[in-house]
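Next up: some structures, all given as structure tokens.
One chain, chain A, appears in both complexes that follow, with chain B as partner in the first and chain C in the second.
Our next item is the complex of A and B:
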């Protein structure tokens, strides 16, 4: 053993303060510029196009007409409501399904958890269009479930196909892997010792979960939910194929307004409003990441 | 052959193959372009091309996929430029194009007047399908009603709109059509309701007569008709999200009747997706809308005469029957010129009229209006 290691604290490669900063900035410059060019700029330009509209006399003027229309239009508001409902319902169900799976995977040993984990990750590799058609064949009318029920003399199910529950079931299935993985990563923070200590003083499972585990993974839950919520809010394929014609979720609604109704101005307005809701969840995520960095 | 000669010959052949394939038009090789789906290109490659080349020795067809409508129009624009400079347009035949595009093409004289060209089969063309002397309607497709013949006998199948509505209401949950913007089968069913609401007169709607006032008046009545039948549709007013999904619901025995495209349903029957005894019926008071693909011959192409021969050839009974049996399309010729056996087999779908509906502003108004007034089922429980 050499005693040198005790004294040698890691030192910055370049010790000159004046030179260090630009190099660090250069490293992040490319992604930052890409984000500015491909994300930030389109957002600004979209917002600008919706509030700065052409007038009758070929000029441009500030106007909130499209927003006023959206928020006074029963049909648009119904679509927004169903999107919020779907997102909330998916988030709730995801937590309900994924937390037990993650807890099981974290606290059990042996071969079985490995199989359970690969099964939980499996939906990640299934493209959503294939999922949609498989869903129709299994849960759809006269699908596999109906055939099985019928063979044992039970009545058919009330199929969720073409109802708001269709996209909910599809989206929850699609988002299980990401949620499980993030929760599992968060559960890594919970040390076995703290749980053992709690059980030594007589805590039951419910108390361990409530007082020891949940406080440690609160952040992960927030991150997992904001990730899946962001994806679900603007999802397209599953609500389009499995959902009802009306009310429709914002994804299909925007696409239809843009292409079929041929009204790009309104489509951009819908996009900006969708973005407004998503940014709230985005801020949750950024806040929790910043909090983690700070500690 | 000596080694050296072989090398030389091989090099020359390889070099020739490496030249851009359409660098110059070749006498006796028809440069053919399409913007249709791959099933059409396959049909030409496997059926039309071998038959035509066997019947006309020395003439070949060079099948080129132009991608989309814009690709085809740019080739037509090249032909217009070539006409002005009296050079070779390197194109002879468009499989499916609108002769009115690009604007001024007919006046510039780049499209052959097929009516005047003296085609021996031109008189057979279905007069309902002819829109212009410069476009040759050789295949079509129309929306009709497909039904499960185990649940509904052919004698009871509705033959006009009122019977259809009565049937839908008498059999709740047994009919579904898809959202009008997601596929033409539901789209043209909605357009048929618009015709119904406006005195069965398709001529009321033209590509440039849309106004908000006229739209609200004419379409509003159609929304009433469609909202009225909504509670009797599948699941109390659900709408499938495309042509294929409607066929899937019919195939799974969920519903008894759906509107379908003729070519898609014939293909589905052919592939076993739907049983062979699937019933097909067309409304006889006014048919559901349909459309034709029109072939166009380039007037100033090097192979104009051969291309016209090809145009004549695709109207022959051989190809027209193949369009029915292999492509699942509609013949471009009148049904009298289809073999009696096929006429018998497809008797139910023979149209007496092929109404059309304009696109443009009407389309946007229908797509928006249907979603606002019919899809939400506001009157469902009222």
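Our next item is the complex of A and C:
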């Protein structure tokens, strides 16, 4: 973090650090080994187990059978499609909702923006299971919205509960805080001077947004998107509780294949396929965080 | 974030009413606070039949019914046990590691530091399924320690990265000054380093306790059917729709730890530092 002070540190201190070298490794060993055992190894093992499968004569051979099955099975493909649709729709709605909020928060001060910001961050402190329950009570059949519509003589809504829109609404609600925070951090890099300069030469707000602001927060938008895609693609709780039974999103699908159908091999195949669809976002996410931490 | 006054002049001259802000405040209040108020109302309702706008009868009857259910108590007890064990283990292995990352030089330091991101670079449930396949061979499915392990992995990133930042922000000169006047390294750590880094570390520990308490997916995939934590019980209540109020009462009860976290974690979450941790 502070290369200057480190290089300028007096000699004895440096030797002291050298002397401690093995202790540092020792202190970080347990969590690092845990990551290796429970993150890296399962991923390698999952890939290896799905392409190197047992054969009839008790041997092992290279085979892509489970993948071939997945991509030829109507039901699996439907599940993949609904997952892709949900993820895309959530990402789109999140940007549509959060970018204006973040812009407003960046360019205003006072009590009202502070209130808006705390509201936008609030869902972070509502566990998704409570959110799911609140969703059903408000938007479900005979929920609060129906009650209110009925009281003013309007017909009931077609409830999104148990339709593909159910998980979309829940997931967007759940992901607003992080998206707003990430976009807001990105907007912190847009200097007021550059905007003033553009305004001085007569640029309208739309032009300022398009030519000055958006190019500078492009990276933050991508980070926010990667983060929500990684979270939403294999989300479990909200699609399980709020979504339709079929087609279902990859999260509930994997869970059912693993526990109820009792076919771990197929469940791992589905997991590796989700890894494949998210790998770009995962790599981008790691790269941005690493660049930002800048050790 | 420089020149806050500038922005004010730029966008909102003092005389103008902030209609945009009022709009956001109203819409977000309705979308975010209103659903939770509905749940809160249900928890204190004895009778509420459609289509009445307000419940016919308020009361605490269902608190009594919910709190006398044996499965609620065993789930609550189990969740508290799990969260405590996971948080203690996590603190025991992560805090020394965080200190080492912040203060010591050793080979591979950067690579190891960023290795904790690995768990967050993959879709979470896919990763859980891959872990579950390994636990299946180890007979850890449906066991307490299987769930502990899976939840422990979930806490690593926060429990290392937040304390690392805390240790790094401690003024080295104060520590060196204490060493110069003859304090032992342990004494320096106890009297100088810890009090300064303490509040942030406490917030990280609290976040990991609350996060573990609400962790649903690992508990559901690895723990079922033997391990029924509070959120897992809540899912069964919602799916079976036995009595509406059970879910509402549990929601209100469950939200208490989250509320405490909200109060304590504001210092950690406020500002850009937190978002930057996510790569913004």
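Just so it is clear, the second predicted complex is superposed on the first by the 247 of 295 C-alpha atoms of A that agree within 3 Å, B and C clash if a C-alpha of one lies under 4 Å from a C-alpha of the other, contacts with A are read in each partner's own complex, and residues count from 1 in each chain.
By our rule, contacts are C-beta pairs under 8 Å (C-beta built on N, C-alpha and C of every residue); 3 or more make two chains touch, one makes a residue touch a chain.
A quick note: this is a predicted structure, and the numbers were derived from the prediction, not measured.
K.L.:
Check the residue A:260 against both partner chains and state whether it touches chain B (first), chain C (second), both, or neither.
P.N.:
Only chain B; A:260 stays clear of chain C.
K.L.:
For A:51, is the partner it touches chain B (first), chain C (second), both, or none of the two (neither)?
P.N.:
A:51 sits against neither chain B nor chain C.
K.L.:
Is A:203 touching anything from chain B or chain C once the two structures are fitted on A? First, second, both or neither.
P.N.:
A:203 sits against neither chain B nor chain C.
K.L.:
When both complexes are superposed, which of chain B and chain C contacts more residues belonging to chain A?
P.N.:
For chain A, the partner with the higher number of touched residues is C.
K.L.:
Who does A:75 touch here: chain B (first), chain C (second), both, or neither?
P.N.:
In the superposition, A:75 contacts chain B only.
K.L.:
Which partner does A:136 contact after superposing on A: first (chain B), second (chain C), both, neither?
P.N.:
After superposition on chain A, A:136 lies in contact with both partners, chain B and chain C.
K.L.:
Looking at A:93, would you say it contacts chain B, chain C, both, or neither? Reply first, second, both or neither.
P.N.:
neither
K.L.:
Return first, second, both or neither, reflecting whether A:247 touches chain B, chain C, both chains, or no partner chain.
P.N.:
first
K.L.:
Could you tell me which stretches of chain A are touched by chain B in one complex and by chain C in the other?
P.N.:
In chain A, positions 136, 142, 240-241 sit in both the chain B and chain C interfaces.
K.L.:
Report the residues of chain A in contact with chain B in the complex, numbered from low to high.
P.N.:
These residues of chain A touch chain B: 75, 78, 136, 140-143, 162-163, 240-241, 244-248, 256, 260-263.
K.L.:
Give every residue of chain B touching chain A within the complex, in rising order.
P.N.:
Residues 179, 181, 235, 238-241, 245, 248-249, 252-254, 363-364, 367-368, 371-372, 375-377.
K.L.:
Flag every residue of chain C that touches chain A in the complex, lowest number first.
P.N.:
Interface residues on chain C, with respect to chain A: 1-4, 6-8, 10-12, 18, 20-22, 24-25, 28-29, 31-36, 38-39, 42, 50-53, 93-94, 96-97, 99-101, 104-110, 112-127, 129-134, 136, 149-150, 152-153, 156, 160, 168, 172, 214, 216-217, 220-221, 224, 231, 234-235, 238-239, 244, 247-248, 251, 254-255, 258-259, 261-262, 269, 272, 274-280.
K.L.:
Show which residues of chain A lie in contact with chain C when the two form their complex.
P.N.:
Contact set of chain A toward chain C: 1, 5, 17-18, 20-25, 27-28, 30-32, 34-36, 38-43, 45-46, 49, 101, 104, 106-110, 112-113, 115-116, 119-138, 142, 144, 146-148, 150-151, 173, 178, 181-186, 188, 192, 195-196, 199, 220, 223-224, 226-227, 230-231, 233-237, 240-241, 250-251, 254-255, 258-259, 264, 267-268, 270-272, 274-275, 278, 282-283, 285-286, 288-293, 295.
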